[in-house]
Amino acid sequence: MKVGVVDTTFARVNMGKLVVDEIQENFPDIIVVRRTVPGIKDLPVECKTLLGECDICVACGMPGAADKDRVCAHEASTGLIHAQLMEGKHIIEVFVHEDEAGDGRGLKDIVEDRCRKHARNAVYMLRKPEWLVKNAGTGMRQGGENAGSIQ
Amino acid sequence: MKVGVVDTTFARVNMGKLVVDEIQENFPDIIVVRRTVPGIKDLPVECKTLLGECDICVACGMPGAADKDRVCAHEASTGLIHAQLMEGKHIIEVFVHEDEAGDGRGLKDIVEDRCRKHARNAVYMLRKPEWLVKNAGTGMRQGGENAGSIQ
Amino acid sequence: MKVGVVDTTFARVNMGKLVVDEIQENFPDIIVVRRTVPGIKDLPVECKTLLGECDICVACGMPGAADKDRVCAHEASTGLIHAQLMEGKHIIEVFVHEDEAGDGRGLKDIVEDRCRKHARNAVYMLRKPEWLVKNAGTGMRQGGENAGSIQ
Amino acid sequence: MKVGVVDTTFARVNMGKLVVDEIQENFPDIIVVRRTVPGIKDLPVECKTLLGECDICVACGMPGAADKDRVCAHEASTGLIHAQLMEGKHIIEVFVHEDEAGDGRGLKDIVEDRCRKHARNAVYMLRKPEWLVKNAGTGMRQGGENAGSIQ
Amino acid sequence: MKVGVVDTTFARVNMGKLVVDEIQENFPDIIVVRRTVPGIKDLPVECKTLLGECDICVACGMPGAADKDRVCAHEASTGLIHAQLMEGKHIIEVFVHEDEAGDGRGLKDIVEDRCRKHARNAVYMLRKPEWLVKNAGTGMRQGGENAGSIQ
């Protein structure tokens, strides 16, 4: 099994490294291919290319807080979904918006939690799809506490 | 006849189970294939893949109430329509926004009603298309009371 | 000549019937194929499929007045344009937003006028394209009075 | 060389005629193919079809001033870009929003200026691409005075 | 190695020249192909065509400050991502919004910095991908000072 990991030089945390570490620490037999592009709009075609040799990709990015940045994130997300449909394989999007936390410490915590949990999601989607079915509707969250099921 | 049902671990209600139950209780001869993905943006490619073996898919998700969540839902919906056009088959989207009801009880009622009615819609589209034509313009709603025709 | 007509069970007026009637009353030699789907997001793939056997399609829907409904209409319209580009044939979109009139009577008038005029547009596009060129820039409207040319 | 010109019956000025006139007055050897469709959302597939026989297309439309009209224009523009990518040829979009001027006279001036300048752009793109490179970054505008380069 | 550079006559700074200069001054062995189109919506198909012969493209534009201009930029960006997915190659987007600075001098500084840095990014993506990985998550910015990593 081969996982592609792509992140950006724009992000203010080394997101790709977190994803790679999580996979290598827990699933040492999985081959990881790492790439970095300038910004989130460069992720779709890079991931599409990687899917030629990988079974799944993880696409990491940190869009800024301005309106323009939100539009960029929307364009990147749309492209990532398009790339998946063209290749017939998943790309797990790991975006953290710079305004999700009040300070740098809080932001780094969100980034680390989201990167590590989605790294595992990527592996489980290929190796343990039944784990996902078992957790359907349980309000899982990446970047913080789970929301849980509605009682 | 084979129906694909995909839901998410992000949702706070087990939507896929409701769809599967509705089909199995009422149409026991139909084969159901169940999958779960992390979030709604992962639905399009999963449904596209399933349409390779299924006649129709039901895609379930519960987007959050924040602006960012609405954008995610828009991206997922766009991808689901794209996937349908690529495969030439229907994907019935069953999305419930977390702010559609004031409390958990109300939300669960909406989810159950929408999931079950759309499960039937999926079956009728393939088996009884004339039922849909008969109900054209009657203001049918999933998730609550029908709006009815304008008098 | 064969025209596909698709409408929804969500709409509160039987729009498909109005389109079919207009065509059959005025162009009795034209073959009409009628389909109904649950909502407007189901229109694109249904129309795309129909275009396999039809020369043109008319896609009818009544999006609600809420913000979420506008987004749905946007997604459906985007999908309808995509379907046309894939098939190389026209789909005439006949959408009436529920808030276009103050009461039911007004809304029904808009629906009837728009459905009937666009039914004719669909036929003219195939049979009398010169009629459209002759009316270029004349401010034609469907659903009410023409706006006319700017003097 | 063959240029396709498509406009709408919705527009309140005969935009297609302005484009055709500009080309025929200045480049009498160019063959022009003229089509008219009901509204701007019908432009993409019409242009795509014309690009089968033409070297370039000019797509004219006059979206209204309401929010819904802006969304229609966005959908049409997205479709026009998609059509270009599918055919590998240019479609010059000539849209004039009904609220770009305070009165009819002002609007007609904008329409005429934009149609004529873009008609020339379309020809230059095929015959004199070096003219465009020479004018790169000069703040050219269609519909009014050029903005000029920043000093 | 061959780089395509496309800019517009709409922009108020000769962006394409800045990109070409940066490449030719620093990487004299690289072949540069320069094109200019009227506006940013014309960039996607021009870049897609150039990618037939080039290894990568740089697409430059200066969207205006009005809401309509932002929508144009969104449409152009979406098309640029689509073009990349179709060709399987990168297009580095270099857009500067006219309202990013208070005066012309400030705007020209942003334009020059962004054009030159992204010209290098384009080259590094092909020749030194490990340089990008080394700078992952370092908060690099084009058009001004780097934001840096979060401490």
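As written, the chain order gives the labels A, B, C, D and E, with residue 1 at the start of each chain.
Just so it is clear, a residue touches a chain if its C-beta (ideal position, glycine included) is under 8 Å from a C-beta of that chain, and two chains touch if they have at least 3 such contacts.
From a predicted model like this one, the values you see are computed outputs, not experimental measurements.
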| item | value |
| --- | --- |
| Set of chains adjacent to chain B and to chain E | A |
| Residual chain groupings, excluding chain B and keeping positions | one piece |
| Copies chain B and chain A - interface residue numbers shared by over half, same or different | different |
| Chain A and chain D: spacing of chain centres that average the CA atoms, whole Å | 41 |
| Chain centre separation in whole Å, for chain E relative to chain A (CA means) | 25 |
| Residue list for chain B, restricted to those that touch at least two other chains | 78, 82 |
| Contacting residues of chain B [partner chain C, same complex] | 70, 73-74, 77-78, 80-82, 84-85, 88-90, 92-93, 97, 118, 121, 125, 129, 132-133, 135-142, 147-151 |
| Chain B to chain A touching residues, read off their complex | 7-17, 34-38, 41-42, 44-46, 48-49, 68, 71-72, 75-76, 78-79, 82-83, 86, 104, 107-108 |
